[in-house]
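Structures given as structure tokens follow.
Note that chain A is present in both complexes that follow, paired respectively with chain B and with chain C.
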Partner chain A sequence: MIARLSFKNLTGRPGRTAALVLLAAFLAFSIFGGSLMILSLQRGLDGLEARLGADIIVVPSSARSKFNVNDLLLQGNPGYFYMNKSYADQVAAREGVEQVSCQLYLASVSAGCCSVPVQIIGFDPATDFTILPWARETYREEIGRGDILVGSDVNVPQDGILRFYNVDCRVVAQLSKTGSSLDTAVYGNQQTIQALIAASQERGLNQYNQIETDKVVSAVLIKVKNGYDVEDVKDDINIHVRKVVAVRASHMISGIADSLAGMSRLITLFIAAVWALCLAVMAVAFAMIMNERKKEFAVLRVLGASRGRLAGLVMSEAAAVNLLGALAGIALALLAVLPFSAAIEKGLGLPFVIPDAGRVLLLAAAALGACLAAGAAVSALSAVRVSRVDPSLMIREEN
Partner chain B sequence: MKKSKKITAMDIVLLALCLLLPLGAAWIFPACGAHEDGSVMACHWAGRAVLGAGAAMGALAVLRLFLSSGAKLGADAALILFAGYGEMLPGTLISLCMMSTMRCHALMKPAVIVVCALIQLAAAADILLRIRRERAEKR
Partner chain C sequence: MLRAEGVLKHYDRLRGSSNYFCALQKLDFALEPGRVTEITGRSGSGKSTLLNILAGLLRPTEGKVRLEQTDLYALPDGELSRLRNRAIGVVPQGQTGLRSLTVLENVLLPWQLYSRGHAPAARARELLERVGIADLEQVRIGELSGGEMRRMAIARALIMQPAVLLADEPTGDLDDENTAAVLRLMRDTAREGTAVLLVTHEAEAARYADAVYRMEAGALSLQAAK
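For the complex of A and B:
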């Protein structure tokens, strides 16, 4: 009986119901959408941290003056620089260095109907400890000459062949998403990248036309021995190995972590402001609606409805409105965040990885629960007031 | 079927969504821009196709306003099919650019899919509401 009466009350005043549903939708949209954004940003940062893998990255000092190495690795601006391979040996000989692995960089040129410049990264499968663990998530075979792995944001043609500097490369696997510019890069072994560098030199498209491809590297990635301080090892390399710059990998992403913390604070503030505003408006709206319906409740009491039944009627109406609004808000947030995650990532300039379906569902359930609880708390006050209505006084008042 | 030509809220919603598609493809969520040499990428043609399909849907949504309730059911069904076609244009029927981070992948494709899905949802809801109203009137 209560359910039917609640339904009639809600459908009988569609404008009022729609306004309350809209408020509940705002609540759900802000808390679910905001939390999903914060979780995705956190997941992106975690993924990036895991993928960088090295403690220290050593690049030629000229690379620092020409452009920021962060641009290349984190901001997705393709670039390349080279130094003599002997620097890798000098770095490896320093105290505290456990493992070194060299990488070779190249940027493709934009050509053809749909190509854009792509960062090409060559690694040595024999010594690599950063890309291989990542690649092994999707590909366990040997990576041969001409084989390439591509980031998750690179769309692979149906024939699985990508052409750089007129050299055909076979895509053997697509790497899992990190939410950073590492997802738009292409990875191959040193021989593959040396062949591409040579091809770019032949076409006069490489600014380092004089280098011998088998005698250079672009960066040396270092793993520090246990018991050694990473900062000390980095300083030691910077002091004793000339013409190179050693950078702590964690420092490279500290800027991103700071931006992420700032963004999370901003989103939390937004959620708090929307909730405070919506809950206040909802409380006032409920109080006004209940005041308006005093006579209706008095008549119901005269007809024999108990105090509990009246409170139940108010609570069930509020629950129905909140449920509808919360579902609509959650659906809207999903529609705004999931399909446009790439645009959000690009707009924010921060790593952004949507959590897996299970977590999203869990978050949606939590948001739904929070909205229903908040709605119930706001309407409970009005329900208590309604249940205390003295029917004789009320009807006399109205007359 | 009643021959009422009354304009309902759902008619306005459908019209707004159908007009959003061509306007969006042209200005709000267009495909990637041309190269410096003026050459265009494959996604440009996907954007043009969406613009064309969207213009046809917009015209149908305008015409729909002047139709009887029964004819509106047919127009709704046509819009559902048209929107399905529109959803498949970017990426499925016409290929897009190489990187998922490019505008055609990041903005145009999801926006077209979302708008087309909303058109399908609104048109389906309109069909259901009209059939329900018709049944209620007969009783």
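For the complex of A and C:
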């Protein structure tokens, strides 16, 4: 009966019910949407961290003129720069360096596969310790000449062939998302990238016309030996190897981590403000509504409703409103975040990776629980007051 | 049936002080099955206070109220509420319908508070017929006149076939014709075995009552008895 009466009360006053549902929706939207944003940003950072693999990255000093080396991983515009392979040997010889692996970069000017030019990265499968562990999540075969791995944001044609500088490349795997510019990059072995660079030179589309592709590298990725301080090894390279810049890989994402922390604080503040405001408004709204309906509750007492039944009626109405509002808020947050994750990533300039469906569901359930609990707490006060009405005085007051 | 024993009611004017207002002087009073008892008196004389005490809605300062052998105010709230729902029909003063419900739903409300299964819609319709608003059963309460609302409240008080009916100004807002119909219904209800209390200013009510009391300044005195 309580449920039916609650339903009648809610549907009998659609305006009042809609206003309460809207408040509950705000609560759910802010906490679910905000938490989803924070979680996605955190996941983006974690993914990027996991993908770095290297302790130090060495690039030619000339690369500095093209972009901030610290933004190497995140800068959106593909670029290319080269240094003699001998620098890799010099770097590898420094104390504390355990392993080095070279990469060769090429920017495609326009590719049929993508709406924007992509960064093409050549790596050496024999020495690589950053790309292959990532690729192994989806592809375990040997990566041969002409085979490429593509980032998660690269559109792959149905035939699996991407053409760069009139060279056909076979897409063998698509990598998991990092939320960085790595997601729009293409990866191949040294032979593949050398062939592409040569093709770009033939077409006059590469400013480095004179380079011998088998004698140059773009970046040297370094793993530091256990027991050595990464900072010391980096400084040692910068001091003793000329015409290169060594950068700590973690510094490349420290800015992101700082931005993420700032953004998380901002979102948390936003959630707290919305909750404080909505809960206060909700408490006042409930109190006003209960006051308006006190005669109705007095009548129910006269007809034999116990204090517990009255409290149950108030609580069930509040629960229905909060459930409806929370579901609407969660749905709205999903609609606002999921389809626009790429735009959010671009807007914030931070890696943004939506968690898997299971975690999103878990987060939605937690948000729903939080909204229902908060709504129940707010309405409980009104429920207690309602259950204490003196029906004899109340009815007389009203007449 | 329903008996007030040594009941009195004071309201403290100032909490904890000896300054109080005496709403009801110490009295003994009883309602018997099959009899209509009327209480008249000026507004504020204590009539409604006594009715609310008899209904288990207002705890007396002193004394007991017994329904058969049960001391109402010794019961916990849940049991007292259920007892009131089952055995005591109350017609409160004024407009007391739930606005979100139709007339028929309002009449069935006491039954729906604790019962399951099919509601006694046929009895509800019969009662609406007897109070003359059968054609309004699907109308929402907000669309009723004051008199129609009073008649709905009477039908609602009778839906559970209570052992006791306590009616506070049941003929308020009614024209002469409907006043007579309601008073006849009260009389018929008593004839079916219910103990009926009418608290009213209506002079005509005395014709239908077995006993008439007058309340003055919280003191009850018997005026006439058959």
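Assume the second predicted complex is superposed on the first by the 390 of 399 C-alpha atoms of A that agree within 3 Å, B and C clash if a C-alpha of one lies under 4 Å from a C-alpha of the other, contacts with A are read in each partner's own complex, and residues count from 1 in each chain.
Note that in this section a contact is a pair of C-beta atoms (placed from the backbone, for glycine too) under 8 Å apart; a residue touches a chain by one contact, two chains touch by 3 or more.
Keep in mind the model is a prediction, meaning the values are calculated, not measured.
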Room on chain A for both chain B and chain C (clash or fit): fit
Which superposed partner A:340 touches (first chain B, second chain C, both, neither): first
Partner chain(s) touched by A:391 [first = chain B, second = chain C, both, neither]: second
First (chain B), second (chain C), both or neither touched by A:304: second
Touched partner set for A:152, first chain B, second chain C, both or neither: first
Touching partner for A:5 - first (chain B), second (chain C), both, neither: second
Touching partner for A:291 - first (chain B), second (chain C), both, neither: neither
Which partner reaches more residues of chain A (counting touched residues only), chain B or chain C: C
Smallest separation of CA atoms, chain C relative to chain B, angstrom: 13
Complex interface listing, chain A residues touching chain B: 76, 110, 113-116, 118, 152-155, 183-184, 335, 339-340, 342-343, 345-346
Residues on chain C engaged by chain A in the complex (per definition of touch): 48-49, 52, 55, 57-58, 77-78, 81-86, 90, 92-101, 105, 109-110, 112-115, 140, 156
Residue numbers on chain B that touch chain A, as the complex places them: 35, 39, 41-43, 95-102, 105-107, 110-111, 113-114
Contact footprint of chain C on chain A as seen in their complex: 1, 4-5, 8-9, 11-13, 295-296, 299-309, 390-392, 395-396, 398-399
